[in-house]
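Same chain, two partners: subunit A is paired with subunit B first, then with subunit C.
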Partner chain A sequence: MRSAKPRKPISYHLRKSLPFWLILPTLIVIIIVQVYPALYTIWLSMQARHATGWEYVGTQNFERLFGTGLFPESVGHTVIFLTGYALVTLTLGFVIAILLKQKVPFTGVYITLLFIPWIIADIIAGLIFRLMVTPDYGLFSGILQNPALFPPNGLSILTAARPAPWFGSFPFPPSPAMIYLILAASWRALPFITLLILAALQTVSHEVMESARIDGANLVQLTRYITIPLILPTMVVALFFLMLGGINGVGMVFSLTGGGPGTTTYVISYLLYVIGWGQLRFGRAAALALLIAAVNWLLILSVLRITRINDRSR
Partner chain B sequence: MTKKFYLNRRIWKRRLVGLALLVITVISIFPIATTILVSFKQQADITRKPPVIFPCDTPEQKFDIKACRWSVEGYQRVFAPKPDEGSLFGFKFTGNLLRIYIPNTLMYAFSTAFFVTLLASFSGFAFSRYHFRGHNALMAAIYAVTGVPLLTNILALYQMSITLRKNVGFFDDRMFLVFVYLGFFLPISVWIAKGFFDTIPRELEESALLAGCSTLGALFRITMPLALPGLISVFLLTFVNVWNEFIVAYLLVTKNEYKPAMFGLYDFLSQNIINLQVLAAACIIIAAPIVILFLFARKIFFKAMVEGAVKG
Partner chain C sequence: MKRNFRSLFIILVMAGLISVLFACASPAPTKTTTTTETQVKDFVTWFQYDEKNDDPASDERVGNAYLRKTIPEFNADFSGKWNWVNVPKAWDKMTAELVAAVIAGGDVPDMVELGGQQTITYINNNALMDITDWVKAQSWYADFEPGAIKACTGPDGKIYCVPTAERPALVYVWSGRYPNGFPTTPEQFLVEAERLKSEGFYAWTYFGSTAYGGSGAYRMVWSLISSYGGKYDDGQGNMLLNIPENVAAITFLRETVAKGYQPETVFAGGFVEEDAFKDASAGAIPTGLFGYRYINPLTAPDGTKFDKGNETDMIDAIAAGEVIMRPMFAPEGNIPGCNLDIQGYGIPVGAKNPEASHDYINWIMSDMTRTIEYVIGPGAGFPTLVSAQSNPAMQTPFYQQAAIAINASQCSNWAGTLERPAEASELIMNAVYKLIKEDPTMDIATELQKAQEEYNANN
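This part shows the complex of A and B:
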């Protein structure tokens, strides 16, 4: 008589399904905190709040959002902010990384000190910069409010109005507060970008540089034709990181300018906060959140393409 | 002769580079230095017009080192020490920052960092060692989630917290906040952890399995200890991120006794718009632990940053 086919021991099943059990908690958390809220936001963007509850209004939230003057203005501010932020940070980051690569004495000390701004919270960084220019009492207010330097009344960065726009309703030139906000944000992002570029510079092979130098290339030519092309992919990745951080970062606007003076430093993420929690129009805020998320997704997909992440994980 | 000239030029170039770096470092540290200076001034020196950098001037002299009027008034007003018989030094700190906000932040940061490290090491291990169906798609999906900003999801999470607070008896702001942080910082940590596990040779585990160790045993006895430096950097990065986070806590925490330090600092801003020394002292007190941590563990931070940013 044939004995019954022995069942596989339970440990075998466990071992086969082990990766599933290891990943499951992570997936549950991500689904609850990231995926479900994303779907909820899509639903919310088509609802409006009424006394009795939510009501389906279709695309009305989007239409109302585009209809307000504040939305195009905030988009303009965001474009200006991102452009200035990326320009300042990438240029200075490149220069500092090149200097750090020369390996002069105390480079380690310089790197440590240069990185302190990166570790400081955005809300504290905003406050630190605010303290320096607080009207009347800030350290620089004496210089900034000097009528001889900034006629006619002297300039207080946090309250000076925006100059008249040059191109229709596009908010350019920006208000002094916006320029200051860009400087403060760049101060905080600079260390991270410098480190990225420095890491890329270390991979530029010494032989290539040496052979170009023997062929008679000078420093400018070396930088222009060898260094920059070789680190360009990293620069592009750094640019995307800056864009992501710049679009989503709101802490510094909170503590440095509070959106003011007037609405001249309303960036799009701050507008989301104002519509959602200031005006309590959650449907319209959800519509705006979807737009921001769409831009984020485009950026992330570009990073995925550039770094070819799918090839690496194989 | 020519050789000497060349050498001289190299030395000069190095000196110039060193000088440039020194200037850049001084400029980038300058805002922090001024904040420290402001935090040690008296109210009378804060509200002077025009403002002075060092409160060291006398009617006769512009700068006199002996006449400096440094004070700890700002710190005193943040800590608010009151005499108390029962405590160790004869007084206790009654300021909200030290009594409520910083302990809260420590609790949020520690628990989030612990759970993030635990879950990220599990799934990082699984992604690094097993190649199941949908492996790459799942990894890419988790990476794509890192791109969803805190701010867009916070609308839904805010509504979620309102609903839960109404309907669930044991609902707690603190639990919910830690859970939300966990979800936000987990995806990138999974990627970083996977990168660290990839660098550990799997032959070590295989030999442990051959010697009769179970798979989980191999994970906990062989792989985890080897990956520990990497996992510590995941822990520290999450810790700092939670410590520095503001907007989520600002929108999700409703009770004063659950506020973290950044939220408390924002309250200070509205209460002390004129008392710059109090604001500066609060900034220094909240930022100092993180900066000191960074100075001691610089290499660990850079490792996680490069791992997460360049590879991820």
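This part shows the complex of A and C:
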């Protein structure tokens, strides 16, 4: 007969389970704010709302979403917006960061001033930019609507039609409103990206730069062969930061163009807002939200992969 | 000692967590005001007005003032029973918020202020109570204009709201810009528009953008299309856009746009197009009857200023004969059309105190003074009760002018039998905008056909 195992004291079990109890609050929060909404969105994407309540419709919401004229158009606008937004912000951010890195007087003041757009909410920034170009009385309307400067009838950013597309139905070249939207969004994101790049520039070894200079490298060569490769990981992170912000942000579109003129600035996040909160088609909006989430996941995975490769190479 | 301390710590963490969970799970205490004898319940309403906003320059000044005056009166008349609590909501967000609240089983008001288009959206989402039996049992039911109660009737024939005011669309006209009277036909309009253009003015201004969910589709565009004999539906719930009357109306509109008879602000959204009427640089503005609330201050063509900066500016300009109200012009032999919307009340599914809504609605509908006070206040339209239409308050210059326009028109709700008006207006206005502004070379019939097929594919 085997002797019974000695019972462990309660304090032992409590001690063993301590990690579980400590992470439980976080788990509960994650379940409430992330897991449940995600599962609910998946469920919702297969439902349609009727006067009698919800009805299961399978993949119909996805099919009908793809069948609307606005979906492919919005995807095209989103591609253009993201490309322009990332290009303008990264280029300007890089140039400004290079300038700020030079030891010029009042650098601190410039950085402080540069940061102002970052603390302004998207919606407010959009409204300000809108007021600047409102036809007839906008701050810049006098210049833009001058036929001598913009023949034949002047340029009204908020109402000008888009040029005829060059590549089938892909909305390129963009409308003036889309270009303006890109500039406004870039203005808003520029401070953060500039500081990110500036911080990365500070890590570039002075000795390496000095050695290259002694070897006869000019400014372009220094930038092309030393600075950019060394800060590339930061630039990639900045790029994905911009892509994620750009694909999900709706505030600027909402207050600056409202998707217009016509549908020329309908981006995918704005379409989601319109379907969900304008048309109250929650099932279809959930289907679109899932598609956007999939793109987000891909972007995040890419960032993780790139940063991991970078870590390994060190 | 150390082990005891650790055990105590774990027990404390568990106890804290459990109490937090219990606190979250417990229902929130219902907000009621108790008196010594009876329990006073809250009567919660959602209006686009805010009684706490006493800014005299507020766009919603009239509705705000109505609530500020009426809430204490209602509370006094129902002392010991109801305590009216109003929650102000943005006009263009209220529908989505209420539908979301109903679906989520969240807190909904006991009564919501609504318009005709909102009603069908609410019905489609099972967000309004069926109040057919109650409405039909009220003394004022027999006094309703038939068209008004129709706007509150769902596709199933049940009544879901109480219409309190009718808001037709018409054209506000600067008489000084149209000394020979506002045109009655499109041909006359083109002549007058060319004259005004040569004088450096715009013939008209209107809401021509795709903003606000394509609401332009049921503003001027609907007035014009219905005046041409056009429509948006086939009477069976399907969208029907590609018909000769609609094509003719859009062809005409396209011509006016190409000739620049309107300011560019027309297409910018945000209601900035109203500015051209305010300073009389545009001769007319087709809009809703209640538009006078928002179009101020005014400067007449002769330089007279009406600059109190509130709704009385337009009323004063009408009384002075500077502004007149007219129907939309229509081709020879056609009756001018216009959109007919209603303003009313509904009781959301899940309302805690629907009896309070019954009491309030009876309170204003059974008393002529209160009915009129509502109609010229937040109702901003004509009374839906036939007996109220002869009231002296409806004989002011403003209402006399409005009657001239409305009596010469045949008004109907733009959505007809379309059961998804929010989606329909967006599709229609996007198509119209493309045709008149974005690409005036596009084939009108093809684009209209495309829009109607996209809508009907979801029927």
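Heads up, the rule we're going with is that the second predicted complex is superposed on the first by the 285 of 314 C-alpha atoms of A that agree within 3 Å, B and C clash if a C-alpha of one lies under 4 Å from a C-alpha of the other, contacts with A are read in each partner's own complex, and residues count from 1 in each chain.
Everything below uses one rule, namely that a residue touches a chain if its C-beta (ideal position, glycine included) is under 8 Å from a C-beta of that chain, and two chains touch if they have at least 3 such contacts.
None of the values given here were measured: they were computed from a predicted structure.
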First (subunit B), second (subunit C), both or neither touched by A:Pro37:
first
By residue count, is subunit A touched more by subunit B or by subunit C?
B
Give one of first, second, both or neither to describe whether A:Val29 is in contact with subunit B, with subunit C, with both, or with none.
first
Figure out whether A:Ile214 sits in contact with subunit B (first) or subunit C (second), or with both, or with neither.
neither
When the two structures are overlaid on chain A, which partner does A:Thr134 contact: first (subunit B), second (subunit C), both, or neither?
both
First, second, both or neither for A:Leu18, with subunit B first and subunit C second
both
Kindly classify A:Leu100 by the partners it touches after superposition: subunit B alone (first), subunit C alone (second), both, or neither?
first
Subunit B versus subunit C as contact partner of A:Phe115, first or second or both or neither
first
Can you give me the overlap between the subunit B contact set and the subunit C contact set on subunit A?
11, 15, 18, 22, 25, 134, 136-137, 277, 282
Which of the residues in subunit B end up touching subunit A in this complex?
13-14, 17-18, 20-22, 24-25, 28-29, 31-32, 34-35, 38, 46-51, 53, 119-120, 122-123, 125-127, 129-130, 132, 135-136, 138-140, 142-153, 155-160, 179-180, 182-184, 186-187, 190, 214-216, 240, 243-247, 251, 262, 265-266, 269, 274, 276, 279-280, 283, 286-287, 290-291, 294-295, 298, 301-302, 305-306, 309-312
The subunit C residues in contact with subunit A across the complex are 3-4, 6-7, 10-11, 13-14, 17, 20-21, 93, 95-96, 99, 103, 121, 123-126, 154, 156, 209-213, 263-265, 267-270, 272, 275-276, 420, 422-423, 426, 430, 433-434, 437-439, 450, 454, 457-458
Contact residues on subunit A for subunit B in the complex?
11, 15, 18-20, 22-23, 25-26, 29-30, 32-38, 40-41, 44, 96, 99-100, 102, 104-107, 110-117, 119-124, 127-129, 131-132, 134, 136-139, 141-142, 187, 190, 192, 195-196, 199-200, 234, 237, 241, 244, 247-248, 250-251, 254-255, 269, 272-273, 276-277, 282, 285-286, 289-290, 292-293, 296-297, 299-301, 303-304, 309-310, 312-314
Okay, in this complex, where on subunit A does subunit C touch?
10-11, 14-15, 17-18, 21-22, 24-25, 28, 49-53, 64, 67-70, 130, 134-137, 145, 156, 158-159, 161-162, 258-264, 274, 277-282
